[in-house]
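The following pair of complexes shares a single chain, chain A, combined with chain B in the former and chain C in the latter.
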Partner chain A sequence: MIAAIIALTALATVFGLVLGFAAVRFKVEGDPLVDQIDKILPQTQCGQCNYPGCRPYAEAIAGGDADINQCPPGGEDGVIKLAELLGREPKPLNPDNGVAKPLPTVAFIREDECIGCTLCIQACPVDAILGARQQMHTVIAEECTGCDLCVPPCPVDCIDMLPVADEVSTWRWPAPEQGQAA
Partner chain B sequence: MSTAMQAQWQFPGGLHLDAHKLDAPIRDARLPTQLIVPVSQHIGQPAKVMVEIGQRVLGGQMLAAAEGYVSTPVHAATSGRVVAIEDRPVPHPSGLAATCVVIETDSLDEQVPADPADGFALDATDLRNRVRQAGVVGLGGAAFPSFIKLNPGSNVVETLVLNGAECEPYISCDQALMAAQPDAILQGARLLLHALGAQHCLFGVEDNKPEAIAALQAAADALGDERIRIVTVPTRYPQGGEKQLIQTLTGREVPSHGLPLDIGIVCHNPGTALAVWKAVMQGRALTQRVVTITGPGVAEPCNLRVHIGTPVSELLEQAGGLIDPDARLIMGGPMMGFALASAQVPIIKATNCILALRPEDLRPDTPAMPCIRCGACADVCPAGLLPQQLYWHAKAQEFDKTQDYKLFDCIECGCCAQVCPSHIPLVQYYRHAKTEIWADERARRKADVARQRHETRLARLEREEAEKKAAREAKKAALRARAEQQAAQEAQPGAAAQTDKPADDPVAAAIARAKAKGQAGKSESRPPADDESAS
Partner chain C sequence: MNEYLLILVGTVLVNNFVLVQFLGLCPFMGVSNKLSASIGMAGATTFVLTLSAISAYLVETYLLAPLGLTYLRTISFILVIAAVVQFTEMVVRKSSPLLYEVLGIYLPLITTNCAVLGVALLNVRQANGFIESALYGFGAAAGFSIVMILFSSMRERLAVADVPESFKGAPIGLITAGIMSLAFMGFTGLI
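Entry: the complex of A and B
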């Protein structure tokens, strides 16, 4: 009886120490689930999900405060990926958050009309607009996420959201139509 | 004369196809009236335009310089004036336009002075640089910059494989070139061996090209270089696939997702070997190549030595024109080529063949039927893949699963689609899946950049806020210090001023005094109150 108690206590102590050591040694910094969700989100940083950026939305999903269907730029594909990750049922995008764009877009400033107010520069979440006060501004097209956030602040409405044209290097083979000839 | 040796191994799968090969010598094409030179004729980054509109250029002059590592320059093929630098339709399955330098040629054909060198006296780095500056890319169809394939890095290259198989029906440009210039090609092979430090060279040629084999063997005998061996390989499509030919010649398989370099082999096209020889020994840029103009749709099929940038329409004229105005033009062969949207696109470095097919030559428009799991596709797949599985997953848009079935080992040879009894356009599914995966990859990279930029911006805003706050604090502290000083001065007029002043900057002290006076004038009660709260 005593021997059993001692043995079990000894075992418990050993395992406790091992587990305690492992918990300290292999501690995971940050929340891996938030990182995983953040990786699926398109990083448009548009705020259509009602959170100030993709990471806060990821944190809200991980914390159970937000649903998975609030990201229009991610589209249905994004919702499906999030559903797979979180083991939930996919659902259609919430229309309150906006609709998915059919094509990716990029901001374009009509430079003749720009008055150099810097309001769009302040709105851009990824610092993709160049310019200074009283100087014409321009968009670094490669860095633009197409979030539309620069459009409303512009006092002279000189920003267009243009669809991104296919180039030879980005063109994709279309899927064969079902029943199409070989 | 010794006879060429026979290959001992074989690759799995493959098909016997009707050759439809043309047995015609190479003819020089006429000087084109216009050159349309795309700045991106190779795999990798487009070259950067170095000429201006209105400028006169000479043959061999660089029009656009390499930008980045995986890039090569492009050159003018003949002399003329640059009339436009704009987007023009380029030969690509998309039919899209890309930046081209357009030259109205004069008939003078003036060339820049050549800069020949003795390649065997150069070290590998100089040799590579010359190959790069001459804009040499793989002429077998993929147009990968050749200088990169001459840079094995830390790998040891044992064998150079020259790919003279030319397995696709109709195409005969390599065959004609090997028959016409075997000496120069073998000299090029020796240069490649020298650049790679390789021990021997296996030159594989399909056994349906006896003239080319005889010419090469005679040239090899005359050259007397023990390292180079001409090997006859069986005629079987896709024998000319790099991995398939390596397997036939050496019995070794290139690993999945790997390069021939991983097993100590580098593979080049004979046309590339010739271009390397010209680039180094003659100092000539790659501005011409041999193109087969063939198919039942043209009147006089021929092999032409073409100035790169010549519009396809000008070459069709020299091949007797199209028999049928509705003929479909294909760049490349019937198995792996793609349809051209118009005859106005130019010949580029990668163009080996222009095939004109009449409507009746095209495969009948049979609708695709359901897959019956017959497995014929798996039997013929030369890469040993499971085409059905790839098809199911590609069709269901499950692209990660296609990668589990090694989608990227598919060489798109088209054997599976050729034998499919249900006429399923299998290769189109694989191409679709591949480009979708690449697009996803690009989107992910872009998202990573956006995330990083957003985080950097947040950090910057935070830093600016902190700096503003610090500046406010500093201002406050300065005001407080001044008030203290003033209070001290009021307490001991004269003494404090005398002792403190000399140590301080007299100008700053004067400004402080003036400000303090002004402040004291504005509100006399505040400085002491501030002082109290601070202490």
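Entry: the complex of A and C
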């Protein structure tokens, strides 16, 4: 009886030690905080935060190199969510990075004016523009994140940023007005 | 040498653990929807089965038998298997995060794969030596892998086949498994 208890305990201890060693040896590097921040960011990949995309910005926030108010597409809501996650005070958006848009927008190319220069295709961070040299381009509306990056390169200014029209699938109940809840 | 070959052929084809002895059916049905996932599962199970067969043999020979505690066999083997599966999970997570995502819940569930405990217990019953035990475990795993990969390739085709409405999904899978099992019965006279 005693021998049985001792044997099983010894066996479990040995396995515990092996697993403990393996846990240290095969430790997965990876910062769950970066993933959480990246999830809050709007994934427009617009670069207005001065980082190449949302993921690098998330890494910069987690590393303490960037502030939480550099993301205009995320708007004030995004800043508040980031502040909640990180336990900091929310602060207004940094005007150096741009201003938040009141409505989500989507790029639209006026196709009879397009000269097929492909400059906007190179600018698009999410490959939402379709076209070839000397061919008319068009925007895949579902893929467009509304980041405005394609507007400045266009030599003939044929790209408009249109507000996303309310449809049954996109309409949301408007947020309550500020101050009323308090 | 010849007997080792016989053990391998015996476990892979003649006494295939899944289709002839009907052990380890849950991952066989559960993870066989996609070929890539089942290849990963086959790899992980091979690793676990071989390693746990070896460790179970060591525990039986050097701990349980000398102390006369063979009645603790089942519980200690379960302990061995749980530890080996945990270890495998850590290794897979480190070496292939994608495979870790694909396997998901099925990776820890190898613990409850009855083929793993079955191999360990059958090793003791057949009084296999060290190398025989390892080969028996590896052969069982190879048989499991072959069947798993064959079956998932078939299921990938079944998914787009024109199956009668009431047989779609799991029912046609079970029928296919049954027919495969009949086919493996044909290996009976091989040894």
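Keep this in mind: the second predicted complex is superposed on the first by the 145 of 182 C-alpha atoms of A that agree within 3 Å, B and C clash if a C-alpha of one lies under 4 Å from a C-alpha of the other, contacts with A are read in each partner's own complex, and residues count from 1 in each chain.
Just so we're on the same page, contacts are C-beta pairs under 8 Å (C-beta built on N, C-alpha and C of every residue); 3 or more make two chains touch, one makes a residue touch a chain.
Since the model is a prediction, treat every value here as computed from it, not as a measurement.
Peer 1: Have a look at where A:V164 lands relative to chain B and chain C in the superposition and call it first, second, both or neither.
Peer 2: Neither partner.
Peer 1: Touching A:F26, do we find chain B (first), chain C (second), both, or neither?
Peer 2: A:F26 sits against chain C, while chain B stays out of touch.
Peer 1: Touching A:A141 in the superposition: chain B (first), chain C (second), both, neither?
Peer 2: neither
Peer 1: Using the superposition on chain A described above, determine whether A:V126 touches chain B (first), chain C (second), both, or neither.
Peer 2: Only chain B is touched by A:V126; chain C is not.
Peer 1: Have a look at where A:W173 lands relative to chain B and chain C in the superposition and call it first, second, both or neither.
Peer 2: Only chain B; A:W173 stays clear of chain C.
Peer 1: After superposition on the shared chain, which partner residues are touched by A:V99: those of chain B (first), chain C (second), both, or neither?
Peer 2: Touch status of A:V99: no partner.
Peer 1: Tell me which touches more residues of chain A here: chain C or chain B.
Peer 2: Tallying touched residues of chain A, the top partner is B.
Peer 1: For A:L17, decide between first (touching chain B), second (touching chain C), both and neither.
Peer 2: neither
Peer 1: If we overlay the two complexes on their shared chain A, which of chain B and chain C does A:A3 touch? Say first, second, both or neither.
Peer 2: second
Peer 1: What residues of chain A sit close enough to touch chain C in their complex?
Peer 2: Against chain C, the touching part of chain A is residues 3-4, 7-8, 10-12, 15, 18-19, 22-23, 26-28.
Peer 1: Quick check on the complex: what are the chain C residues that touch chain A?
Peer 2: 59, 63-64, 67-69, 72, 75-76, 79-80, 83, 86-87, 90-91, 93-94, 97
Peer 1: Taking the touch rule as given, give the residues of chain B at its contact with chain A in the complex, in rising order.
Peer 2: 40, 90, 92-94, 96, 98, 363-368, 397, 417, 420, 423-425, 428-429, 431-432, 434-436, 438-439, 442-443, 446-451, 453-454, 456-458, 460
Peer 1: Could you pull out which chain A residues touch chain B in their complex?
Peer 2: 38, 41-45, 53-55, 125-128, 143, 145, 166-176, 178-182
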